[in-house]
Amino acid sequence: MTVEQIATSRSDVAGGQAAPPTTSKTPAIELKGISKSFGPVKANQDVDLKVLPGTIHGIIGENGAGKSTLMSILYGFYEADSGDIFICGKKQDIRSSKDAISAGIGMVHQHFMLVETFTVLENVMLGAEGGSLLNKSSTLARNELLRLSQEYSLAVDPDALIGELPVGLQQRVEILKALYRGAEILILDEPTGVLTPQETEQLFKILDILRSRGVSIILITHKLQEIMAITDRVSVMRAGTMVSERETKDTSKNELAELMVGRKVLLEVTKDEATPQETLLEAKEISYRDEDGILRLDNVSLTLRAGEIVGIAGVSGNGQTELLAALSGICALHQGSITIGDREITPDSPSSAKEIREFGVAHVPEDRHRMGMVTAFDAKEVAIMGYHEDSAYNGAFLMNEKAVENHCRQLMQEYDVRPEDPNLKSANFSGGNQQKLVLAREMDRAPKILLVGQPTRGVDIGAIEFIHKNLIKMRDAGSAILLVSVELEEVLSLSDRIIVMFEGRIVGEVTAKDADACQLGLLMGNAGAEEKRNSSNNTIMTGELSE
Amino acid sequence: MSSPNKNLPGWIDVGLIPLINISLAFLVSGFVIWLIGEDPIEAVKIMINGAFGYDEALGYTLYYTTNFVFTGLAVAVAFHASLFNIGGEGQAYIGGLGVGLLCLLLDQYFPLWLILPLAIIASGLFGAAWAYIPAYLQAYRGSHIVITTIMFNFIAAALMNYLLVNILIAPGSGSPESRVFEETAWLPFMHEIFAWFGAEITRSPLNLSIVLAAIASVFVWFFIWHTRWGYAIRMLGHNENAAQYSGIDTKRVIIGTMCLSGALASFVGINEIMGVHHRILLEFTAGYGFTGIAVSLMGRNHPIGIIIASLLFGALYQGGAELAFEIPTIQKEMITTIQGLVILFCGALALMIRPTLERLFSNFTQNNKTAVVE
Amino acid sequence: MDDFFLLSLSTLDSTLRLSTPLILCAMAGIFSERSGIIDIGLEGKLLAGAFAAAAAAAYSGSAMLGLTAAIFTSIAMALLHGFACITHKGNQVVSGLAINILASGLTVTFGIAWFHQGGQTPNLSGDARFSPVTLPGAEIIREVPFLGPIYTELLSGHNLLVYVAFLAVPLTWWILYKTRFGLRLRAVGENPQAVDTAGISVTFLRYRAVICAGILCGIAGAYLSTAHNAAFGREMSAGQGYIALAAMIFGKWRPVPGLLACLLFGFLNALAFRLEGVSVPGIGQIPVQLMQSLPYVLTVILLAGFIGKAIAPKAIGRPYVKER
Amino acid sequence: DEIKPAVVFDMGGKFDKSFNEGVYNGVEKFKSETGIEYKEFEVTNPSQREQAIRKMAQRGSNPIIGVGFAQEAAIAKVAQEYPDIHFTIIDAVVDLPNVQSVVFKEHEGSFLVGVLAAMASETNTVGFIGGMDIPLIQKFACGYAQGAKYVKGDASVLSNMTGTTPSAWNDPGKGSELAKSQFDRGADVIFAAAGGTGIGVYQAAKDAGKLAIGVDSNQNHLQPGTMLTSMTKQVDVAAYNTFKTAMEGTWKPGILSLGLAENGVDWALDENNKSLITDEMTAKVKEAREEIVAGKISVHDYMEDNSCPSL
């Protein structure tokens, strides 16, 4: 099948008639002997991969295994040092994303490639405007977009600003972008890392539809249940090489886990009853407005007690971020009070992130690249963020570099951050390892109170196990932990108490043992209060309803 | 500068590439000189000899270098907090005012060893003050530092013009200059200092403030990369959210950084007013503040780079003057052109030849490897 | 009262003349910076354009040829900027400064070589210069009270380039927000990766952006030397490029606010001219210098008082590097 | 044996449309007449003044001309180091045995053009546009104002300065705007002492059909028909004479204060402007000149006390 043919068949996908599932058994994608190294790092070594048409093919692997790199190569973002790419049996040399697109490949990048200041429509059109004037092409695009969102039930408001959409919807936009360009092959890099269970479910429904439409899909994920749930075949990468491939139906989570980590891992958290003690932090009716005056926290009250993990469940963008920010002193309250020890923080006596940290409060922010680290810094500098004024690292005038480096190396050993090099630029660690570094920094000091957001986002299962163990350990050592996660699984398995947030309010609180996923799911969706929802959530809803 | 992350040995990056760049710059300059019918080779000879050839020339080169180090460091420090301080010119101007006022005040009463530290403080304070307002507005009112600092350059010029014409002007003098300070308020010239030790060198404006420049460079290096304050500054510069997360008071850091920046720029006043002219006069900053921007960025905002860049510009200024002096047909605008070309090739096009070299180098190493294998 | 009205008319009149080059340069800056390329080089392009226009007009006796020459010269400098910053990932500020310095050196050097008037070009007159255009009906409605003068004195009777400048604003707005090119241009300034992964060449896009900037600066230059004045004089841009830059930021990288900022600058200057030497009852004569710094002081105050934070295009100043 | 003359121009550069350019014309004239080459240098920052002058001295140049008040200190210093080299400084006084100081009574010349301006004015309002607010320029303004008020006691004089940075001397655009603003305020004759900025003023006058007055050299030819006159200041002559006398060995140190009496300053009349100058004007100016020379009118010199009664 030549590029032209793809192009035509693409245009008729766009035209509405779904492309018939390709019956021929020539693989939709075939990679032969792909190698890529970044300087010393061999990100991919002689990787082979076959993806059959109309199937979903999973790829798993530890952080830094080379998954994203491989996909970036397939999508023409990086150029392989060696190796060939065959699309539908035809050798293509893909030198740029342009080539990839015209070869019918679409990719949903791990860090979305969206222009935040643009509307959904503008983002979808970008690069495929079809006309040098926007007015008329945008009306066409709008219709096409609506048609697509109908067909694949990807409801999203075309005029919403990307920056104001929850990640789940941003991802939909990425998928729509690909479909809009008539992708026959869809690559998703850790798509569920940022989604709520509902959203994930949504996504999988969509992927299912796409598959039935004959689209071939590559799915990168760290979550084995997802692999088991949706993929047809699965390949495992380790340290830049393909170590094995399985038919999903003939394999099991544990086997896969073992294949990718190279050892046994226990997948479910084991913990004994919590023994909550004295209250360490108490928030009374706190409210917070952002610069635009939007009410983000709407008199929230909660208490954190020693030896207890409180989980916050909720669709992302319902105030969890702000709650963490408020409790950690990053943003100032407008009402209410927070009591830590004998210090009472009120709008009149505000506090600072610095002061609160001195009370023994540690904070793992949800988004490491936005807050948790400085990608331009060396690992060792990242390892002391927030503690950089600590006397341990400072002389009278100069910093004590040795101490800093040693501290970092020790963290890297304890939390197995790879590569174990305190002087490596933190951007050059794979995200999973970046996450471990941030966690290490915050957990290492055995803080009295730990505020932690999305602790395992983008982290491989080996590391997840490790992180969960440590959280439990801290709890048992008597720390109070506030856990914010969009992974319902995670919240359920770690928390002792679960609080559900919706639009900045607490809409429910349950003890972990008598909580169950679907009940929480309903609370998170705040079912029964649709009319109060803002447009973006609204579209999710209609999306859900349109099933 | 886009930090190149391909691997080339250090000596190529810091040695060979700049060398090639500057040669390119001179090649093109030579072409322009040839166009107006002069001998390029001769011209380059004159420039280099005029910048380094004899002690007086070297003296002038280093005297200019001193100014550029100050303004370059000023820009760099602000830059690390991702603040773009275009106001070096004005801050230097006002800093000079500070120095001058202090000298006019104390020169009859106090000896140098007392006046000097006070003068340094005075200029620092004045320069910092002039940077403080834009900084404050940036931090608390979000007004863009680039605009405000540009504006403050103009305002500084107006202020100095007013003061010199109406207030500071020496009685009975026709030119808008303050009275000359007593000798007690003069920084010793280098040729004087050498003379104390019996060494004989030709007189030049080069004076003690070059030592201050050296100290400032070392200070900035330690401060930015090896202290908690520098750590905070760099973090703010790279990622404001992360800075807030780390409990850094971003507003105070912005203001602090700009004040430091302004103080550094203001030391041009020490060199010019206390070191060379020994009176307050108009336009003594002569664009050093603006050139500081190029110096800092060409020096990759690092003291060592800045010192090298300053030396380059010092050489251009002095060598250029020499060239204009020796070859009448070469006007001062030609010198300006040459300076522009140097900034273009050594600054803006600094990375132009890098890819080529990378290819050459990798081929080279490849061949070696294979050779070893066989 | 009535001659106060006329005086204020004339103030606004000179406001228009003074802001024209600022407006053109500010729009130029918007094109360049919205695509992620910092453009400190406005000043240099302006100066080079002014020289080219005057030189060409002096030789050919045609203002239009002058304009063309200005545009091409300015584009050439813009391309140099692009070559350094886009192709070779050079530092955009340094490149801009280099261009400014080159311009101030080369213009005079060539000027002396060609015209032997110390860098000045011969005086232009007649067709070698853009002369005032009277708008239709200006004469007829002159007598109409109030509106008459406003139309004839204020709006009519400027030279072509003034009107071009004011048309450039809606045009810029239209290109930026209503065309595919504009959409991509804004996108590449915010997130070049998104543009690249959408299969668009970041490089080509940014080159086109700086060319647009070149064209506008060229026009501004022609205005300086062949419309507002009748010859090129050394350094005649006198820092207006920097002011335009400030105005553009002031206008938050958007055409219409940018226009307003430029008009504000022009107005404050025009006002300062007229207030100079006027003595205020009580205070007496205000020092000249205070008057001259008035526009700058007021700008700072306005900036501090009313205009909120200006957010630059996200990707501005960062060359787009991609693994190969 | 031939002399080795040299000249050091100041920051404006030898093409500043002002006194530097005047000196340049003078020494060029000398060169073309005698065929004797001279060394020259244009300073670009304050510390180059001393450097250049000293360098000239080291190279055995003699005499050496320093242009502009700003070189006062530099000349004073170097002249002491080289007692047997002859220095001439223009626009400033250095009291040394080997220095000749040439200063001009710009106020007297300005007085005359002030008279002309006032008489040519129909609105009874005349304007002055200076470059930067410095004493030398105030000197022009002050004499001009006094002259205008001398013929028309009720004449009002508008005065503007272009700016506070060096670009004030090279900003024709601002010059023309300032001129237009003064026209708006009723002026119909403008005297510009602002270097290159003046070009814009003269252009504006032409465009508005009003009158302008040139400065330093005879600039009537720049806009024939709308240049009322020019206040000429014989810097060229002074520079020329320095070299000439040096050549003939008649160069003398001391202060040359050149006013109307010495024809150091004057007003220009040529075919470019004779249509604008009525006999009445000529007569009036002649009278004023004689009274000044005779000391009947004392024209106030701003630089005496840095103040101006008539402005």
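Letters are used for the chains, namely A, B, C and D, taken in the order the chains are written, and counting of residues starts over at 1 for each.
The working rule: a residue touches a chain if its C-beta (ideal position, glycine included) is under 8 Å from a C-beta of that chain, and two chains touch if they have at least 3 such contacts.
As the structure is a computational prediction, the values presented were derived from the model and not from experiment.
When the C-beta contacts at A-B and at B-C are tallied, the pair with the greater total is B-C.
Each chain gets a centre from the mean of its Cα atoms; for subunit A and subunit B, those two points are 46 Å apart. Mean C-alpha position of subunit B lies 29 Å from that of subunit C. Note: centroid distance subunit A to subunit D, computed from Cα atoms, is 75 Å. In terms of their C-alpha centroids, the spacing between subunit A and subunit C amounts to 46 Å. The multi-chain contact residues of subunit A, meaning those touching 2 or more other chains, do not exist; every residue touches at most one other chain. In subunit B, the positions touching at least two other chains are 154, 158, 161-162, 331, 335. The set of subunit C residues that touch two or more partner chains comprises 112, 119, 234, 288-289, 292-293.
Inter-chain contacts, as defined above, occur between A-B, A-C, B-C, B-D, C-D. Residues 177-184, 186-187, 190-191, 193-201, 314, 322-324 of subunit C are the ones touching subunit A in the complex.
Remark: subunit C residues 6-7, 10-11, 14, 17-18, 21, 112, 117-120, 123, 224, 228-231, 233-236, 238-240, 269-270, 273-274, 276-277, 288-289, 292-293 touch subunit D in the complex. Residues 11, 13, 39-42, 44-48, 50-52, 55, 69-70, 72-73, 91-93, 132-136, 164-166, 303, 306 of subunit D are the ones touching subunit B in the complex. Against subunit B, in their complex, subunit C makes its touches with residues 80, 83-85, 88-91, 93-95, 97-109, 112-113, 119, 234, 242-243, 245-246, 249-250, 287-290, 292-293, 296-297, 299-300, 303-305, 307-310, 318-319, 321.
Taken together, the subunit D residues at the contact with subunit C in this complex read 13-15, 17, 21, 133, 158-161, 163-165, 167, 170-174, 176-178, 180-181, 184-185, 196, 199-200, 203, 222-223.
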